[in-house]
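The first chain written gets the first letter, and so on, giving A, B, C and D; residue counts start at 1 in each chain.
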C-alpha cells in the first residue's frame, strides 16, 4: 500500500540479485562474501546469519522437492482504472515486467514438498515490491482453489508492501477474495502454511498471510499492518528497537516460529506431513 | 459550516434570507426578485451537487455533522441495545454495535464510530479502531450466526489505527480474522459505506452479500492524502489522487465493488438526516428482501461468488 | 474458593437482610434510609445509588413476571468426602440451611421474563457465600437442560465466592458440567443472559457466568477470578482503585453493560426478546 | 535432593553404597551383610511409597526433577513441532503445545509448563498461565478439530496466575472459554494430570473424554496451603488440608473425577523417567484405542455424559 516508497529504498539495501560482481558485502556485518558461497547458502550471510532477500525463483527451488514444480501462474495485469500518476500504469507494468521477468508479482504451481502434494505460491518482491493487484489475488485464489480440488496442501510465501494502489479498490477486494478462497481448504481439512519474509505489510499481512494454520517467519523480517513510516508519522515518536520484526511478532503471539531459511524446507515439510490428511 | 465548493450556494442562500427578511419587515413586495433568486439557487445547487468532483465528495464524506453509525442505527432501527467489549482486552469506542429491530425484525448491527465533536473524537479515536474493535465486531458476527439474525455493518473509518499498540496486538491479524469471520456468516450480511471506507480497516466489516454505498461516500485501498504523498510526494495533491483512485460511489458501482448507491439529499447526508435515513432504510429493506429466500449455505456461497468475481486481468 | 473468609467479612457491610430496625444506614454515603423505602427501591440507596446486597427471593421477584415463577430447585447437599475442618461439613450445612432458609445456595425455576418463556436461576449469597458445590452445579445444569427441552431462555444471576471447598474436586467439576450444559442451548438457538452481582469470583466467574450471549453487571460489583486478597498476596502491592469492579470489567471488554438494578428487569426483557427465536 | 519422608531411604542407600565401596577396595567379603541391607531397603521403600500420605504425594508431585510437560511430550511422542502464540497478545511460556506423532499417528498436544530451574521457572511463571496461555491452548484445540487429530492435554500447574494483568485480560473469561472450547471438541480428547492440578487453571485443559492421573499427582479445587489458610488460618496446616480435600489419585478415581491412574516408579516419576514415559504411553495408547471407534458427535456426547454425571447430592 504505502510501501512502494519503502520498497525503492530497501531494494538497494537488501537485494543482491543483480549485482554483477563476484563478491557481495553483507549489509549487516559488512563481511565480504564470495557470491557463489552466498548463493549456495540461500543468500544467508555465512558469517552473521543475516537473511538477504531471496528471489521468487530461488524460493521455489528452496521449498519444492527437486524437479516437482509445475508452474501454473501466468495471468497478465491490465489497467482497469486508466491509472496515471507521474507515469501511466501500463508503462510502469512494462518496466516491472522487464525487471522481474514475469507478468506480475507472483509465481506458483503444483509441486510436492517433503513428498506432500502441494500448491506453492511465492510473491515476487522484484515486481513492484510484491504489491497485490488483481493478478496476484486471482493467482492466489486459483492456486488455493486448485489445491482444494486436487487435495493438496498450500504454502504461500509472502513478501509485499501491500495492496497495489494503481488498481485501487480492486486491489483491496483481493484481500477478501483470497481470504474467502482459503475456506475451500477448510472443508477438506487441507493444511495451509504461511511464510512471512522481509518485508510483509499492509493488505497482504491483513488478509491471507495472517490466517494460516501455521505461520512461519524468517528472522528479522519486517512484518506488520501499517508501515513503520506511517506509524512514526502518526505517533510522532521513534519506534522501539526490533518493532515489527519477526522476533517481536513471535513474542506477541502472532507467529508460530521464526525459522532460519536454511531449515525452512525441513520445517515446512514436517508441518505439512503432520497436518496433511491420512488415507 | 460550508465546504469550499458550497460557498456560492451559502452566499446565495444568505442573500435570499436577507431579502426575505427585508420584505417581511418593510412590507415591500420582492416576490418577483425572490422567485428569480430561488430558481437560480436551485440551478446552482443542481450544477454543484450533480457534478461534484471525487475530491469534493471525499470532503462531503468527512463533513462535520454527517450522520455517524450511531446516528444511522438510531435513525433506521428501533430499540437498539448496545453491547460492549471484546472479552479479551478492552472495549473499543471506535466500533459500536449491538442488537436492534429493523422494521420489526431483530438484527445485529455493527459500525465504525466517529465522534461528533473533538472530545468524542478523541474518545473514539476518530473512528480508527484498535484490534479490540474488530474483535468486538467478530463477537457480534458470532451472535448473528448463533441467533440467525441478519448482520448489518456500517462502514465509516479513515482506516484501522496505525500505532504501536495496535501493531503489538495484531492489527493485521485481526483484520484478516474479521474478513474471514464475516465471510463465513451463514446469515444475510449487508455492508453500507456511510462515509469513509478507508482500506483494510473498512473491508474488515465489509464482506457483505451486498455492499451498498452512500452517494457521497468513498471507499479505497488508500486515502487520497496518503496516495498523493507516495505518488506525487505531496499530500496536497490529494484531489488528483482522489481522481486517479476512482474512489467515488459511481466508480465503485462500475467496478462491481459496490452493488447499489444510496442517494443523499442535495448537499449531502447531513443536510437532511431524515431523508438520509429514509433512503438507507429503503435500500436496506430491498436488499434484505432479496437475501431472505437464501438458506445458510446459499448465503455463504453467494458471498463467495460475489467477491470471487472481483478483479480484472488478462488470461 | 478462597472467598469464604471474604464472605464473612462482607456480609456485615453489604447485607441489610436481617436488620430488625426500621432505619438502615447506607454503607457508602451514610444516609439513614427508611427500611420500607429501601425495600421498595430494591435495596439501592435512594441517595447515592449504592447497590446493597439483594436476597435471592427478592431477585426472583425483581426479574420474573409477576406470578409466573414456579420453583424447580430443591436438591439437598450431602457430604461426599467426610469433610471436616474446625467443624464437620454436615454441621456447617445445617447452619447455612437455617440461615438461608433453603437447602443450598441456589433458587430457580420456570417463569416468563417480559413474556419470554425463561428459566431463571439465582444464586444465594446467604448460603455459604453462594459457594458452588454439587447441588448448585446440578441445579444449574438441570435448569439449563430443561430450558433447552422446553424452548426457554436462561437467565442466571451469579453471586459467589467460587467453588465450595468442602466438596473439593466435585465442586471443581461443576464448572465443567454447567459449561457443557450451556451447549444444549446453543443447538436450539436459545439465549442465555448472565448477570454478575457483588461479589462474583473464582470458579463461578471462570465457568458458566463468563460465557453468556450477553453479560450484564450491577454497578460496582466485585467480579474476578482470583480474590483481591490472593492477588495482593501474590504481587505484594496495593490494588488499583476500582480494580475488579464492574466498571473496570466494562472498560476491559468483559461485560456488555453495567446496569442499575432498577433498570435490570427492562434490560433483561429487551435482550431476551431480541434474541429469543421468532416463530 | 530427598524429601523429608525419603530421608531414611537415602540414608540406607548411602550406607549400602559405602559398604559396597569398602568391599570392592578392601577385598573383604561383605555380600551377606549387603544382601540383608538391600532387602531391608526394598522393604523400607515399599513401606514408604505404598503408604504415602496425601501431603507426601503433593510433595512428590512438586519434586524438583519431576518430568514436565515438555519432558513427557518428548518422552512419549516423536517429531514434536512446537507452535506459539495466541494471535492476539503474546506467547505464554507457561503453556506449551504443538503437533507430534504418538505411535505414528499425528496428534495435537498441549500442556502447562514449569521450569526445570529457577531461571526457567521465572520465564515460565512457575507454570501459572496468563490468559494468553489458555488462548494458545484454544488455538491448538481449533487445530485438532480442523485436522481431526486426537487432542492430548498435560496438566501441571499450581493454578492460573492470580495477578493484576491476568485479571485485566480476563483470566476468568478465558478459563471458561477454554473449558467450553475443549468440551466442544469433535475429536478424542485425553487429559493427563502429570503433577499439580490446581483448580480452574488445571480444569481449563482438563475436559477430556478420559482424564488420567499420575500416581503421585494431585488435583483439587484449591491448593492445600490456601485451603489451610482459609479453614485453619494457618498455611502450615496444609497436610491436614490435603487429607480433607481428598486430592490424591486414588481419591479422585473413587469420586469418578479421574478414570485411570498411571503408575509411577518407586519414589516418584522423576526416579525413572523412562519407566514413567512407558507407563504414560501404555495408558494413553489404551485410552485412545477405546475412543477411536467413536465418531465426532459421539465423542462430544461421551464427554458431555462424563462430566454430566459428576457431583453428589440428595434428590
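FYI, a contact is a pair of C-beta atoms (placed from the backbone, for glycine too) under 8 Å apart; a residue touches a chain by one contact, two chains touch by 3 or more.
Computed from a prediction, not measured in an experiment: that's the story for all the values here.
With steps allowed only between chains in touch, the distance from chain A over to chain C comes to 2.
Between the Cα centres of chain C and chain D there is a gap of 33 Å.
Rounded to a whole number, the gap between the C-alpha centres of chain B and chain C is 42 angstrom. Counting partner chains per residue, chain D has residues 87-89, 135, 169-170, 173, 177 touching two or more of them.
Shown for chain C are the residues in touch with two or more other chains, namely 252-254. Listed by label, the pairs of touching chains are A-B, A-D, B-C, B-D, C-D. Residues 1-2, 4-5, 75-78, 80-81, 83-86, 133-135, 137-138, 141, 163-165, 167-177, 179-183, 201-203, 205-211, 223-226, 230-231, 234-235, 239-240, 243-244, 252-254 of chain A are the ones touching chain B in the complex. Contact residues on chain B toward chain A in their complex (touch as defined above): 160-164, 166-173, 175-177, 179-180, 183-184, 199-200, 203-204, 206-207, 219-222, 226-227, 229-232, 240-241, 244-247, 251-252, 255, 257, 303-304, 307-308, 310-315. Interface residues of chain C, counted against chain B in their complex, comprise 186, 189, 191, 213-214, 250-257, 267, 270-271, 273-275, 277-278. Listing the residues of chain D that touch chain B in their complex gives 87-89, 131, 135, 169-170, 173-174, 177.
Residues of chain D touching chain A in their complex: 79, 81-92, 99-101, 105-106, 132, 135-136, 143, 146-148.
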